[in-house]
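Please see the structure below; I have some questions.
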Amino acid sequence: MEIDVGVIGATGFTGGEIVRLLHFHPKVNLTYVTSRKLMGKYVSSRNPNLRTITNLKYESYSVEKAKEKCDYLFLCVPHTVSQDMVPPMLEAGLKVIDLSADYRLKDKELYKYYYKKEHTSPEFLERSVYGLPEIHRSEIKSADLVAVAGCHAASAIYALFPLIKEDLILLDKIIVDSKTGSSGSGAEVSESSHHPIRANSIRPYKMTNHRHTAEIEQELAIAIRDKNKKNLINVGFSAHAVNILRGILSTCHVFYDKSNKIDEKVLFKCYRSVYKDEPFVRMIKQASGIFRLPDPKIIAGTNYVDIGFELDPHSNRIVVLSTLDNIIKGAVGNAIQCLNIMINIDEKTGLEFPGFFP
Amino acid sequence: MEIDVGVIGATGFTGGEIVRLLHFHPKVNLTYVTSRKLMGKYVSSRNPNLRTITNLKYESYSVEKAKEKCDYLFLCVPHTVSQDMVPPMLEAGLKVIDLSADYRLKDKELYKYYYKKEHTSPEFLERSVYGLPEIHRSEIKSADLVAVAGCHAASAIYALFPLIKEDLILLDKIIVDSKTGSSGSGAEVSESSHHPIRANSIRPYKMTNHRHTAEIEQELAIAIRDKNKKNLINVGFSAHAVNILRGILSTCHVFYDKSNKIDEKVLFKCYRSVYKDEPFVRMIKQASGIFRLPDPKIIAGTNYVDIGFELDPHSNRIVVLSTLDNIIKGAVGNAIQCLNIMINIDEKTGLEFPGFFP
Amino acid sequence: MEIDVGVIGATGFTGGEIVRLLHFHPKVNLTYVTSRKLMGKYVSSRNPNLRTITNLKYESYSVEKAKEKCDYLFLCVPHTVSQDMVPPMLEAGLKVIDLSADYRLKDKELYKYYYKKEHTSPEFLERSVYGLPEIHRSEIKSADLVAVAGCHAASAIYALFPLIKEDLILLDKIIVDSKTGSSGSGAEVSESSHHPIRANSIRPYKMTNHRHTAEIEQELAIAIRDKNKKNLINVGFSAHAVNILRGILSTCHVFYDKSNKIDEKVLFKCYRSVYKDEPFVRMIKQASGIFRLPDPKIIAGTNYVDIGFELDPHSNRIVVLSTLDNIIKGAVGNAIQCLNIMINIDEKTGLEFPGFFP
Amino acid sequence: MEIDVGVIGATGFTGGEIVRLLHFHPKVNLTYVTSRKLMGKYVSSRNPNLRTITNLKYESYSVEKAKEKCDYLFLCVPHTVSQDMVPPMLEAGLKVIDLSADYRLKDKELYKYYYKKEHTSPEFLERSVYGLPEIHRSEIKSADLVAVAGCHAASAIYALFPLIKEDLILLDKIIVDSKTGSSGSGAEVSESSHHPIRANSIRPYKMTNHRHTAEIEQELAIAIRDKNKKNLINVGFSAHAVNILRGILSTCHVFYDKSNKIDEKVLFKCYRSVYKDEPFVRMIKQASGIFRLPDPKIIAGTNYVDIGFELDPHSNRIVVLSTLDNIIKGAVGNAIQCLNIMINIDEKTGLEFPGFFP
């Protein structure tokens, strides 16, 4: 028994990648791929890596066609577009996995602040489940609307959730210094991603007020056990554009109270308690060698998130490194993992490919 | 029924990649991986992409152990080392797929000229089969020693073989201008591959006298039907190091006789006649778009070779482009394709993964 | 005594670079920089490298203002725009150094063929001088319209001119295989130069019918002494986009007649006879080391063109390598060198900066 | 009147760059360049960018020869070698500008801790002046031993010194997240800088315990006016290797007390008060555009340090960005600026070259 799925708005980089992964997914029929711009064209004309591999064509979208052809929809349209498309889909009985930011935040005021727009379907914000399988697995199982985590947000949450759950760090001085590859800027051309401009550059493109800050704080607050502390959390998030193609590395600098007796064993135990059975979270900590700590090079093209840390007694600081592929574990990989949970099959199905070396 | 295979000398880039591919190969047990330098260590300590994926350890090599543990061996040792290791393997009844250059050339004098060394087991040169599945499929089927094609050689041969088979071009003025990524230089550090030296560079590293010239000419001569012309073939091969990581692009400039009526249709027909049923050879020729012609970006990480061409009546020239991943279709991918042929299973098994976009 | 110069259309990459170089030129006052798009803005707002270095602002253009403020104009407008702007400039008594392609070709039919447009001021084609100082120095001295050589064309001409002048090679089978950095695509964004698309790529973007073919053949024909052979010349030019930022490497594959006794000495003598007194042409040929032959890395950011060669008796081939910075020696550097000649000062003035290592 | 200078240990990247800059320095004769490894060879054989530009050869070193040929020495030998060479130089009456770390720290215990070695000439630690012209100008003027600031340290100190001088930030929670290009790893090959390994990577190579931490804290403590607070300073420094070639970007995350009324004006005033007359420190803060904040792309190849900041009231945080070329402003450029001060000429001499765009 296979299920039928569709990808709505598939011309971008995430759209192309999810088509690739679904094509090879053994329990899924990809029956419907839509694009306004490229309607009627072959998916492989846009994604040359799929030449001779798929004969799918982009179709036009209507909720009726979607209903007829699919059980589950992946929504790859831009932020602010999604919120108008989802309600009719749900009404038609479709299950939706939304890759935009529209249903991630529970607080519509925060949405308005960060996305400069009144939300048009706020009544679904509570109903939606934040699409981070490792944290929301049981809710995802029964969800009909999943809002897949943002790429930067995911990398930060993976790094920090266990530390906060075990109450090991100061909540109000959390620094996340993120570095991201150029695929994160999307398929639309722009001066900032023009090769001659971006090459040889490290651009601090969003030092403050990044939209993912809200997601990170929302999800980390879940980990805080002491209700009185929920409001204390405060993340200083900054994002840099570096000249690799794929991958995010988040370097999280957090402080601990010297009076706490924190050592490497405590930290390992903390991370193990949360991630020990997770198929796609790897703790990276070698005593020697070049790849002692996480590096986006190693996870590019995979659904893995690699996490590592170092303790710095000198500055009462823990440095946590977290890296994932922004398009896969930071988007379509998590989306498919959510689907696997929703359709009750092995969560790893279609996602167990390793990265390259070198 | 699965077969047991081993990888001998697995610390280099090809060794790491073949372990990765064999690990996911559904018809093969990888039972034996050897390394002198890293004996006793985990394969994943060298190949961080395989962490949590395989628990294999490097072992020491002996022909007895190999015989006990394997039916087939992939040999990833350097040129000139292979020729001493292969004879005992064959004697022990093992089948060998050699990734070094030692058994590629049929002429021991050419070997001596290009590798500056007397061959120590020239009696096996005739017995070995050149490991290019598309050309030597039937011989590979019954071979016990396969010498996998060199990466540059493979890309040139794929591009030119059909043109020569159909007698469309001048044989004595064939130019192959190759561009290769840095993984081709191997895992051993060197000044020429030091990042600060190689970055921002296009280095003409071997303009004349490249070793692969001999392979290319040997294999192209096979395509010539008129025996009297066999000696005419003459390839001017030049290799550049560019600062991508994976992939070779060979730009072949060949001339045709104006009196021949050559047009695009003739050329298409020519290529189709040779490659139309080949699962891993793709003809690339779009009327528009960025990826009208082959680009290593698209095939990096895959077993595909993409081929395209343009006709230039102005200079009586055909420009043929051929691109492959130097480590996969240029080495371990072809090696596994040969194995699949030898063990009589679907040739595509374990090799049907597409590349990335972007 | 200094002369006053202007740069017309200065928002692109060549515009920015010529402003930078003229700012530091000791014999020149840069008095006028124009841009339609950025009129009124600081040049440094567009060229962040010039912050605190120049306070120049973009102005609007009129021939009257130009006449009032300048003696010499550098024209950095696009092809096909230049041909309408130049005649009024010359009429006003200004001297013009045009960086577009509009006045490079002497034959208006060739212009039409390659630029898909009827030339609007063909009467100036003969009057203009092709801006390659090493070949047209004496004509440049007295010119009032110089058409600076195209970047690809310059690199090919530098490589091949001496060989043709000494009649050492076959004229009808000349291959130029060029590799160029992304700055050559200009400041305008495009999908082909979008970083995620261009990274990790070697794109064969113009294999046949490249516009610079005509320039190359026109200038090389000048070198042919035997009038009867002038029409024989035939260049097969192909251009690849690689993922460096600056620089072109042209690999020229040419054939010689085996009966000619060509050796390295003959070739050295040939090149020395043409270039021995040239301040910006360097012959590169070391016996060993990584940089035995020209590499764009070494000349990026300079006005040097580095030339080297290897002889391949196996294929009766000479491989000539030529590399220059597409924006400097391939555009604004040559333009300033022409200016220096026109105003009768040391040709090297303002251009003697070396490249970087590493 | 020119002064004679020498470069001791000139085969590395800093050695090559200082030779290049001194060659074009109008007030200096470069009379002596030494190398043990390359003695007798041309400097241009090692630095191909200097071909035809300098005929200098590497010589052997002795203090007598140095004394005979030079007034000032630049020392480019490795850490721990310098401390044995400097005392005889000073004794001979030479003035020394040391680019190693040996005389930067005033506290020999800290030296021992970070460099794992007892200092052999600790009596000179007090006598040496830390080579950061903007902070130690007057002491440099009369120094006979200058210890040029480390590259990471310089970028962090430039960013933070003014904030600490004006007492605007918390001293015990200072985060410096640094990203550096591959030239920082030096000319010696290593697996970590092997191109296939480093390409596509962001490697967190030194998250804690980086040697430059001590320099940063030493110099920032100078800025603290309240003596009782001198010991409070605590810097959490982490360094990442990214795949650009040149340049460091330091992202400094610092916290302020909410009760302080800090706004952008206060911050501007703070930086202006320290840097307004500095020729090589640029404050970067544009309202819009891609280069609103510092980017190593823009200062690569120059002696500029670009500084910018953003205020984040959400997290009570100031993010300060600082970028410099690790080899120039982070080493040889500062060294020459120090020399200019010592010989009492315009500090900018020989250093006023801008970067490139693009």
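Which chain is which? They are A, B, C and D, in the order written, and residues in each are numbered from 1.
Keep in mind that, in the parts below, contacts are C-beta pairs under 8 Å (C-beta built on N, C-alpha and C of every residue); 3 or more make two chains touch, one makes a residue touch a chain.
What you see is a predicted model, and the numbers here were worked out from it, not measured in a lab.
In terms of the distance between Cα centroids, chain A is separated most widely from C.
The rotation that brings the Cα trace of chain B onto that of chain C spans 180°, given to the nearest 5.
Remark: chain A and chain D have CA centroids separated by 39 Å (rounded to whole angstrom).
Per-chain Cα centroids separate chain A from chain C by 47 Å.
Chain C and chain D have centres, each the mean of its CA atoms, that are 37 Å apart.
Within chain A, contacts with two or more other chains are made by residues 13, 183, 187, 191, 196, 199-200, 243-246, 291, 295, 358. If you check the complex, the residues on chain B that touch chain C are 173-175, 177, 179, 191-192, 196-197, 199-204, 207-209, 213, 234-236, 238, 240, 242-247, 249, 251, 253, 255, 290-291, 293-297, 300, 308, 310-312, 314-317, 319, 321, 323, 358.
Of all residues in chain C, those touching chain D in their complex are 13, 16-17, 20, 24, 45, 47-53, 183, 187, 200, 245-246, 282, 284, 286, 289, 291, 295, 298, 301-302, 306, 353-358.
Those residues of chain A lying in contact with chain C across their complex are 13, 181-183, 185, 187, 189-191, 193-196, 198-200, 243-245.
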